[in-house]
């Protein structure tokens, strides 16, 4: 059961990554990237690495997304 | 109080401390300069004493935090590391002087100096690292700082070039990190010496992992060191940077990655594995490409700094050639070329920077007659160029001689010939510049020699080219012992 | 016998340092500059000659610096051959420098000429006094590169083009020499001039090494087909520089070939393989082509340049024949040709200096106007043709005997043919100059005779005197030295 | 072209995955090296019960100094990029 | 209108976040977390603060000097803590035997680790905020730096 | 069959490798500069996932020492990853700064367009 959830999470991860690469809307891509990081952090929690999970949640999902948002606000939301 | 036994970390720490303090000093330019140069000089002195010590006592192991290997991080200073550290400290100090007193190309000197200090600190840490992940951390610091000292110029070209450099550099870092992960996976260690002893046991069990790991390592470092097909970022990046950055990047930064790669090769992988896999032959093939392609592209350049950048691609090829031939003398040649190229390429970049600053001319085709107006600068440039070509008596000759001798020792006649052909190509693009500068028609441009403080580092480097060309025996004990690390 | 003495590096180091000093003082005082330049050559000459007694006592002076340029090491040596050539070179250099102090007055950029001339001297002396291949190569490059500055001195488009060709060929030559040096070191484990280091069976590497030497020295010595820079470069250089290049610098190529043939490869190896024949063939072609093309040239300096090509062929032939007589001839011809060709170039320079006429066809009646210059020219030219008892005759005689020793009568005929061709391109010129009637010169007939400064006349006359008198002396020490050099080469080479 | 290369790399990496030590296996080589000592001694050696904290700020503190430096470099680099140059077009 | 709701929310949210960050920071040696995550969380709270009050009060923007001192102070604490080891005749960055390591499991334990964690926390908080602000508006004015 | 079984057992590694390729591909071939940076982040996180998976041990607990736990997971990769995450965010921040600058200078984030603009400027 738990294994199935983990596999699902992994699958979600791959889907997220592909979507991030494909989306034309940079803002959505950033949000999805945040979700990706969040899922990643959950997976790490599942792997009993809470330190990494917290750090990823704070830095990967939080700070990185914020930085992306800041940059997008300066450069425009859509890919040409 | 300060025991110089701590030099392996103190060199890094002093440079870092200076880097941290400089932003606090604000606009007090005099103090900033003093701290900047003082840290460089201190690093040089410590490096020198450390080298003496390594020569006298053999390899130094410095356990940071007092935790011995494999539990803590060990800074491992063998002859190769000491030699590299000395070269870095020496050349970086001279370039630092130029960054202070040379033409001003950036607005915030404080920020610039901080980055240079961080870069040199990271490079020092890299060449002395005895721990793979520690090495990786320093790689990242140096990559980031190296990109930043290009972007600091702020022109369109430099920002674009530095972004491209960043993307490729990040790719390289990814490769290196992946490879470290794989190595950790099959050994459970990060300390290089422990990795070697463990690998002997586990390598047979996971051949594909090891192969991939080494491949990723070579590609990762190859990108950063601009090994031939991965050199595409280099010409733009090095030619669009401020002068001191160009010298630093071309003279030292690309080479540090080669040093790190070779240290991994003999410390972490072990010579058995290095000899087993066709890495050597890969090096030989790629450096052949570098020698040819770099020269050919350099020939068609009209921008002085671009020409020098392409020439760096060639010279990196020489160093890889030396390691790829793998006979003791060829390795000695490759190791010597790290020093010699650092000296002569810095010299050329600094001289070119001064020329561009004094005249505003960037195109080689307009250098005609400038040699008569700026005789000292152009004499120094000539010395560097002659060394590049490999005229005897200059530093470049020695390393070429060694590599060529090594090629014959390794029974690879063709590479000895290749070196000569490449020298000829070098001559074909360096000599016309000099000839037109000294004997060409006068251009209307007004040009005067720069002030002495700006000229001093160039002249010092020119003297060093002769010095290391005539008295290489100073470096030979270090270099010979380094070769012994590879060929036991 | 061998003695170690650091004094042997002085003839090289003194001009090397003086070159820097001259560069430093030239802006202050041209007098000091000129006298220092002369001093440099004089010092070199004296520093070499002082060893006369030691050398004649069959002693070789050596100085080794193994710390320099490891793993090969730098070493110097003064033996018979080195002493002989060094004396000749420094002496002629001295005379030419004296000449140039007057000649160069009309030229620009004198401040560049003198330091580089002295630097070239240092290079040439280094080449001659070197005790191993790497030292040889080191100074060979110093000499070749500083000579570039002498060649392009005029900075005209023609000069730049000639200089560029010279430079590229020099670099190619240098690189092939370097390759050979490396190959020899790899095979023999050392590069000092002592035969027998190389293994006797011939590997591809040894052959390539020989080829490299042939190319490297051939380019310098103007061996056909590598001579192409020579007829371009010599005419464009200022006349004293041409004299230096043609009279002295070319000889270093031949000198190197002697060293390599006898002291690196050794007689045995040269005889086993067919390299000797290749060398002879190339030399023969050089003699023939050089002399033949010289006939067709109208520009005097071009004619002299081609003549140099032919004369270098003699020396190469003497080396390639591998008999003692022939080698005596070759070594003696280094001396003879140095004097002859220098005096020819100096005389031609003097004529160009005072009349501006470069074309041979315009020299009608010049002999009456400039009798001393023209006499010098005549003496040297006759010597080139091989009229006894001038020096040119002696070397040809020895060469011919050597060819007979080697059983090659064809080369004797070639020598005769070449003498004939020499005659063809010198004699009409002289005849025209002394006895030709030219309307154009009636107007200038009133000018004072020769009208040259003493500094130009004296060196020419001195050179001519040597050419005339050396074989008439009761004791021809030049020939004696050449013989001794040959014997010592042959005894060690066996 | 790029796709083909990536595909090739991908196949190689997948093969490599198949060869790797099994996931979660306590006998895998990665767990034989330095791990045991850290878990055993970290509390005694450093006083921290979070072994990871003990590793990053004590056993491998030099790395973490580098890590802090990387952040510092990032700030300085961003400053340099924004305010360093003379030329702002 | 919006501003009021935002302000209300932020008044609760920001202290809560900061408290959480401080907890993570101070308990780095006892529980998951540490200097980097704690520092980032505190930094994020500052970012929130600056975003909320951005339009109303430019002066609330973190001063250059302050962020600089946070930046440099953090790493200087680290290096100094390392040098203490050398001064005591041990190695660089030595903890055991130089700093009081205390009793495992207590808050005031583990010597250098806590000290350095706090330093890093301060540094990272400053860095995150600084990076965000620079990316948002850096380089806009020709010489807005000083 | 054995391979597939092993791949399934090593599924964390497999996913890490797949993410690595996705990130690599995005970074190398995508034209948009911001996307390149996102690709870089995906690549980096994939490596972190890889590292963490290496450190996992079946039945292991988080490496925070307490009574009654027999098996902890390997703390070393976690410690390395903490460093890695910070390095990754530093790179991202600097890359974003460069992107902002590039957008200011060229007015676009398309790599091809930037190259075209640059070569036009040169010509």
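A few remarks follow.
By written order: A, B, C, D, E and F. Residues from 1 in each chain.
The rule is simple: a contact is a pair of C-beta atoms (placed from the backbone, for glycine too) under 8 Å apart; a residue touches a chain by one contact, two chains touch by 3 or more.
What you see is a predicted model; the values in this text were computed from it and never measured.
When the C-beta pairs in contact are tallied for B-E and for A-F, the bigger tally goes to A-F. The greatest centre-to-centre gap from subunit B, using C-alpha centroids, is found for C. Chain B has its Cα centroid nearest to the centroid of all protein Cα atoms in the structure. In this assembly, the chain whose C-alpha centre lies farthest from subunit F is C. The geometric centre of subunit A is 38 Å away from that of subunit B, both derived from CA atoms. Separating the centre of subunit B from that of subunit D, both taken as means of CA atoms, is a distance of 25 Å. Mean C-alpha position of subunit D lies 11 Å from that of subunit F. Inter-chain spacing, taken between the CA centroids of subunit C and subunit F, is 70 Å.
Within subunit B, residues 9, 16, 20, 23, 64-65, 108, 133, 137, 140, 144, 147-148, 151, 154, 156, 159, 184-185, 190 each touch two or more of the remaining chains.
Residue positions of subunit C with contacts to 2 or more other chains are absent.
Within subunit E, residues 30-32, 34, 36, 71-72, 75, 79, 82, 92-93, 95-96, 104, 131, 134-135, 138-139, 145 each touch two or more of the remaining chains.
Contact residues of subunit E toward subunit D in the complex are 28-32, 34-36, 71-72, 74-75, 78-79, 82, 92-93, 95-96, 101-105, 109-113, 116-117, 120, 123-124, 127, 130-131, 134-135, 138-139, 142-145.
Listed in rising order, the residues of subunit F touching subunit E in the complex are 62, 64-65, 82, 85-86, 93, 96-97, 100-101, 104. Within the complex formed with subunit B, the residues of subunit D that make contact are 12-13, 15-16, 19-21, 28-35, 37-38, 58-63, 65-67, 69-70, 72-74, 76-77, 79-81, 83-89.
Partner subunit E is touched in their complex by these residues of subunit A: 50-51, 53-55, 57-59, 62-63, 66-67, 70-71, 73-74.
Touching subunit F in their complex are the following residues of subunit D: 2-3, 6, 9-10, 13-18, 20, 22-26, 28, 30-31, 33-35, 38-39, 42-43, 49-52, 55-56, 60, 63-64, 66-67, 70-71, 73-74, 77-78, 81-82, 89.
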